[in-house]
Amino acid sequence: QEETIKVGILHSLSGTMAISETTLKDVMLMLIEEQNAKGGLLGKKLEAVVVDPASDWPLFAEKARELISQNKVAAVFGCWTSVSRKSVLPVFEELNSILFYPVQYEGEESQRNVFYTGAAPNQQAIPAVDYLAEQEGVERWVLAGTDYVYPRTTNKVLEAYLKGKGVAAEDIMINYTPFGHSDWQTIVSDIKAFGSAGKKTAVVSTINGDANVPFYKELGNQGIKAEDIPVVAFSVGEEELAGIDTAPLVGHLAAWNYFQSVDTEINAEFIDAWKKFTGNDKRVTNDPMEAHYIGFNMWVKAVEAAGTVDTDPVIDAMIGVSVPNLTGGYSSMGPNHHITKPVLIGEIQDDGQFEIVSQTPGLVLGDEWSDYLEGSKDLISDWRKPMSCGNFNVVSGKCGGAG
Amino acid sequence: MSLARTSFTHIVVLVALVVAILAAGLGLARAQTDLKPLVDALGTGDFDSTEEAINGLAASGDPRVADILRALEGRELYLRKDDQTVVRSDGKGREPEIFDPLSGASLGTVKKPVLDRISVNNKIRRAVQAAVGTLTLRSPDADVRRSAALAVLKTREPATIPALDSAIAAETDEAIRTLMVGARGAAVLNSDAPDADKLTAIEEVQGLDARDAMQILTQYAGAPGEVGPAAQAAMDDVKFTLDAWSAAQNVWFGVSLGSVLLLAAIGLAITFGVMGVINMAHGEMVMIGAYVTFAVQELIRTSMPGLFDYSLLIALPLAFLVAGAMGVAIERGIIRFLYGRPLETLLATWGLSLILQQLIRSIFGAQNRQVGNPSWMSGSFDIGLMSITWSRLWIVVFAICVFFALMAVLKKTPFGLQTRAVTANRPMASAMGIRTPWIDAMTFGLGSGIAGIAGVALSQIENVSPNLGQGYIIDSFMVVVFGGVGNLWGTLVGALTLGVANKFLEPYAGAVLGKILVLVFIILFIQKRPRGLFALKGRAIEA
Amino acid sequence: MKEIAEGSLLYLDNVHRAFDGFKAINGLSLVLAPGEMRAIIGPNGAGKTTMMDIITGKTKPDTGDVIFEGKVDLTRHDEAEIANMGIGRKFQKPTVFESHTVADNLELALRARRGPFATLLHQTTKAEFDRIDEILETIRLTARRDWLAANLSHGQKQWLEIGMLLAQEPRLLLVDEPVAGMTDDETAETAALLRRIAKTQSVVVVEHDMTFVRELGVKVTVLHEGSVLAEGSLDAVSSNPKVIEVYLGR
Amino acid sequence: MITQFLLGGLDRRVNVVLALILAVAVVVPVLHLALPPDNPFHVPNYAMALFGKYLCYALLALSLDLVWGYCGILSLGHGAFFALGGYAMGMYLMRQIGPRGVYGDPILPDFMVFLNYKELPWFWYGFDMFWFAALMVVLVPGALAFVFGWFAFRSRVTGVYLSIITQAMTYALLLAFFRNDMGLGGNNGLTDFKDILGFPVQAPGTRAALFAATALALALCFWICSAVTRSKLGKVLVAVRDAESRTRFIGYRVENYKLFVWVLSAMMAGVAGALYVPQIGIINPSEFDPANSIEAVIWVAVGGRGTLLGPIVGAILVNFGKTWFTSALPELWLFALGALFVVVTLFLPKGVVGTVRQFWRERSERKAVAVAPIKPNPEPEPAE
Amino acid sequence: MLQVENINLHYGAAQALKQVSLTAEVGKVTCVLGRNGVGKTSLLRSIVGLKGISAGSIEWEGQEISKLAPHDRARRGIAIVPQGREIFPLLTVKENLETGYAPIARKERYVPETVFDLFPVLKSMLKRRGGDLSGGQQQQLAIGRALVTRPRLLVLDEPTEGIQPSIIKDIGRAIEFLRAQGTMAIVLVEQYFEFARDLADHFAVMDRGEVVLSGAKADMDEQEVRRWMTV
């Protein structure tokens, strides 16, 4: 039998996260297929090893271990939720392998074995808030999120940021809901009430996953128009919108690093390939898919540069690798294992797509340690030798955090 | 499409007419300014310059402006890159036909890349609506006037006062008139009119609905002179009304949440409450109902779009039949071997629920599916300050209808009697001549079928995904048990109680803590009434 | 009043209990002397079982006194406490522990300390074994010793329940229809057994079988609609026209 | 007295199982540590972690079976005790990180630094000491179980009502632990452990030791359970399961009995959770998820409720199935697992162990009775 | 006519009936006697179908019924008054009676007056739940319920258990009345010997799962029967 290079795919295909993660599994299969069509890697074919961690965090760790030590994969592309990433981290560290993590997250992490291809808060939240303040003249803010770490952190960063810009405490309302919250009547009506204090109000939503559909349905039904109280979301993309009738939601916003509506040649190709691969004309693309696209290409390039799939040389080779992203530029891997991306802000249209209303002029590098948080503002990460440190303290000049 | 088009042009013509009359009536026979540069300015530059151009266009008072602005909002305006002029087009095809936005004359076709759509964001949309609002304040159509007045109210632009004045004078509809007067008041408050005028304005604003009034007044509560205290006093008046309504609103939210819980639980009240099957696949029956709705809508969308408003009515019986048939199959295939071993039904139905979820995932994919609201289920209406969404209202009505229909079946028909007999003592019922297998299958089918129609209703407010059922299974069990197993009234009262309790806790404790408190409440309540709200008492139970 | 209570083993005075307005026990008074055996008869639905429910704490009376040994107010105690005071009961519908063997059913009933830790560390003694054997002999289930109680026939369960009652060695036995479903011979034997027991313990027997009641040869109380209709020897009460009308029939 | 009681739990079958578990406790770690990786008998790192997890689940299932199988209390919230034990251990492990966290704070765990905690919340005190944490591993679940059981059993909440409020309990805890305000790491939970008792958690030696400890704990609990269920108390429990009110009428205070096993079982679940955490490397609120507790119930049902070996077999079997199916049939595994559950209920009504046991019993009975069995009953049995 | 021939019945591995045969004629009362646990109830269960037999045949009105489900047998006019009453506890007395409507034609769906004549107490308790009744009342209800199905074969398992003497007499009269109608075959299991003797046309005495004695009443030696009943 021909020798292959194995690539692990660690995305939930069942359970609550399957809604989001199955697509990522498919896109990985597509990318691998395309790479093989181009002749594989280092003269060998790539082989995808798919497992189902079933939205179950301990199972993620178990499956990661299995992929690395049983299947001997060269790298793993996977995880969505923060906790799933946290649960596999020790495994990747112990067994020294590579994980590509494609989803926007709360930051505050930089690990040698992980490459973060999704957005850090500075690549999504802050530009979005800036846009609303400048373009829409928003003065009053509702920070609504699901009660877990990503929204909590993002809201913390935003709160600090907004207060820094002179927003009064009573003009910020923070609201948390449980996972899978489905009855949004009260909260939407609270938002309505909060928005009727005469100042222009906007909602910054870090509501997660499934809860978005009933939330937007309720918004639509209670007649909250984007012109009155715009909602900007960080977890709502084309895939989520596919489940909603967007006609009443036109004008609500989302901030991402990629939209399907991005008008570039390379994106059009990607979309065509995707539709062909899935055999479904209606399938949409979204930001985490682009993240995998970038991550995978980066890995390919780094492997080619290193001439091997062994972990250590590849990790070293990754830094500085630069590949085209789908928005017409090049994304490159920073020494902190985060990548550079443009930040786009889009408004929902009635066809379920986003119209891009703002784009950062240049690329923004993901900031692993937020500048707006007390404990981390002095930290940086640089995995290049000789520093090789994920939490270097610029004040004390030592690796190993603030203390 | 063509229909919309005619009514659209209809309005536009009328609007133009009205604006002309308005202009004439004011004796401001304005010179026909050249609009072309302003129109072209819509397309050049950033959002700010577009907004400026909109305001310029609105100020011209030209009858054609409303039409052009609507085209802008509808994303039908393009910038022709080669000569930097703005044209109108539907943008369809590779070489769309373009029109002059002012005259409407065709300008032939161009290649798509030459056109650059003028993008619109919320700010632009707002500006357009305000501008169109001012221009359509005297439309003969009352609805148009109402939305125009609302749009103007939002702007609070002093510049709209003259237009409002003349509109108020001509207005015959009392409600719209109050709205316009309020809008005028808001604009006056926002202007640098003398305090005396502003004090009248405060009174005028109070005529608006309390929330709008509050929104406007809060801004002047701190104003210097007499205006501030007057605004403050007015706010205090309004506040009471607001509070009263918000309590009412809360009750409504509670009832509506309760009815969702009721719908989700009611099928379980049969399969679990009456039959004693710990039916973990109940949620999947709900999910199947939702997917039936999806399939029906999909079919309608592709083959007979005209029927879309009837999609739910078509889906209801289908969902009942599909889920019911599924239930019968499950009962015949599995459950019937497990009577007298209730705990094992838990194991088997759990397995089934896994299978059903995966089945749906394999057929329809893991992603959410879009189920639309028919027109009679979308939007909301107001009762006083309470806004009631149609979808919720229909769900409440529907839940209650289902409840009473089921009640009638179980209490008033031989079938109901036999069901209860079979559940109580299967061998004895059989010896009495009751066809137990048939009754079992039908009862389980009925419970499942009802879960299916609950799915139709839930598809209107929830996301239709393979996980839909999982989200409701725990709540459903809580409701049935809280109400008292085997008692349908208990399920009704239990669902409503939990719904209302939840909604009253939520504003104080927040959604998360509120939910925790409701759970703790259930635990404590069961200590007081170990057999649920509507506990059956007496020897009969211990026997 | 109280004086009577003092000398008595069981003392019920003017007890009432209604279920949804239906007066099941309606002014019932009854005094049982220590060491006495009493037969209670009365029509179906007269309240005999309900009376036992009240004595054993299963049902709380609406009003009235229920006093044990002249001092303990039974209405203030729960079933387990009452059982531990020495009141044992056989139910009308036999209830045994179906997944235990016949012997284990008896072992559980044997008089011993009832706390969780006491039972946890309990070691079955020789005396206990013997006692179980003896009871098995009495109830003629020696051959069924290791059968699961679930597999017994109706009548065998009746016997097992009687055996469990014996094992408890209570001071007061409440026996609800012990001979239902027994053959005439067994009935006679049960009567003899109860007479033997009554030498050391007090017994209240509810039964519809007049032959059996006659064999017991004790004072009879007739209950009707929740209160005492007549009291006296069997011959006396069975010639009471009222008793004949409502109970014995012609 | 105690030894006598414990010895009462031993008989041939129990001895065999105990010996087996103890053998696993010794042999597996030895095979892992002593043999070179290319030896066919070498137990790979991956398998060690996996088996360790299975054994923790087995212990959880065993504790659940003690209350459910022997006392008829169907707990749909046992995962809560497991998770609490796990959190207690997790807190110890967090404190052991010391200044090695990403922020390098010597006292505060990372998530606290990051959420701007100024000092350690009071309930974190003491967890830097192993003995304290070890105590808490049993005391916290035990105390919760005691309070919960004290009220519920006294109020005579039984059957599904009890099951559902246990579910409400774990659900409420799930929501509470999700909150970052709880001071226990919110959704991400406790993670990034370094040392346990001074040994690095990821070192093969530690792993082997943890594995052995888990097997030992399982053996010990198995032994205790066996002694409890064979004692007279065990018989009372079964009596309570069959006819609760009848048990009262012969003088047993049912609530005390229930409370006793309930608390005992919660403590065992806590131990399982505590052993689970260092081997998995993370504890987060999803362990409180009602679905997890239901799954534990299912392990017991698959293995055979009311036997002590059953839950162990069931937990290992189902989880092994899960491990295997999720890799072999990642897109279809739910069909396989779901079908497994259905098939077990239909064809092995007493679970795997129960059915095997019944088979043996019937065989010996048949020999004893020596009456040729004739075809099985075509009609359903009357309800018992 | 009911003809039970050589049936065997097992509970698991234990055999409860061995080669049992029994006949019951229309218009006659057949009494089954025997000590505790000899298999009387088991025999009745096998007749109405609550327990399957492992060998032998059961014929009713000329047709083999041993394979039929209980409800199909009920449709052929077989009704049982079970031992232990088996009332539906949560159904009201009225509903308990109405469960008997299932196997009969629509126009017959009413409670025959004889039921209330026999057991007047039921009439006054129609709205009470069956499970709340006293033991004896339940027994009366169980008999009433069986009569609602207008049975042609009535099987009674110790119907006098727990019933007050006057009503036992009434039940005796009722059985006589039913027999006198000549449309019904009656199988009666009794321990109460006098009662059985007064009613029986035929006897069958069982011991350890076997019929040890059977025949018409005239041919029976009371002493012999009693001997089988003693321990």
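In this document, chain identifiers A, B, C, D and E correspond to the written order of the chains, with residue numbering beginning at 1 in each.
Here is the rule we use: a residue touches a chain if its C-beta (ideal position, glycine included) is under 8 Å from a C-beta of that chain, and two chains touch if they have at least 3 such contacts.
It should be emphasised that the depicted structure is a prediction, and the values quoted were computed from it without experimental measurement.
*Asks:* Hop distance check: chain B to chain D, minimum number of steps through touching chains?
*Replies:* Between chain B and chain D, the shortest chain-hopping route counts 1.
*Asks:* Kindly list the shared contact partners of chain B and chain C, in label order.
*Replies:* Touching chain B as well as chain C, we find D, E.
*Asks:* Does A-D or C-E have more contacting C-beta pairs?
*Replies:* A-D
*Asks:* Grab the C-alpha centre of each chain and report whichever is closest to the global C-alpha centre.
*Replies:* The most central chain here turns out to be D.
*Asks:* Counting only Cα atoms for the centres, state how far chain A is from chain E in Å.
*Replies:* Going by mean C-alpha positions, chain A sits 75 Å from chain E.
*Asks:* Taking each chain's centre as the mean of its CA atoms, how far is chain A from chain B in angstrom?
*Replies:* The separation of the two C-alpha centroids amounts to 29 Å.
*Asks:* Suppose each chain is reduced to the average of its Cα coordinates; what separation in Å results between chain C and chain D?
*Replies:* Here the centre of chain D sits 44 Å away from the centre of chain C.
*Asks:* Any chance you could list the residues of chain A touching two or more other chains?
*Replies:* 13-14, 147, 176, 178, in rising order.
*Asks:* Could you tell me which residues belong to chain C and also touch two or more other chains?
*Replies:* Each of 19, 93 in chain C touches at least two other chains.
*Asks:* Two-or-more-chain contact residues of chain D, please, as numbers and ranges.
*Replies:* As it turns out, chain D has residues touching two or more other chains at 175, 178-179, 245, 331, 334, 381-382, 384.
*Asks:* For the complex, which residues does chain E have touching chain B?
*Replies:* Residue list for chain E touching chain B: 48-50, 69-71, 73-75, 79-80, 82, 86-91, 95, 98-104, 129-132, 145, 149.
*Asks:* What does chain C use to touch chain E in their complex?
*Replies:* 19, 22, 42-46, 48-49, 92-93, 140, 151-156, 158-159, 177, 180-186, 189, 208-210, 246-250
*Asks:* Quick check: in the complex, which residue numbers of chain D touch chain A?
*Replies:* Residue list for chain D touching chain A: 44-46, 49-50, 53, 99-106, 111, 113-116, 175, 178-180, 186-189, 191-193, 202, 280-282, 284, 286, 322-323, 326-327, 330-331, 333-334.
*Asks:* Can you list the residues on chain B that touch chain A in the complex?
*Replies:* For this pair, the touching residues of chain B are 47, 119-123, 125-126, 129, 154, 211-212, 214-216, 218-219, 246, 249-250, 253, 256-257, 260, 357-358, 361, 365-370, 372-373, 378-380, 387, 389-392, 460-467, 470-471, 502-503, 506-507, 510-512, 515.
*Asks:* With touch defined as at the start, can you tell me which chain C residues reach chain D in the complex?
*Replies:* 56, 58, 78-80, 83-84, 88-89, 91, 95-100, 104, 107-109, 114-116, 119-124, 150, 164, 168
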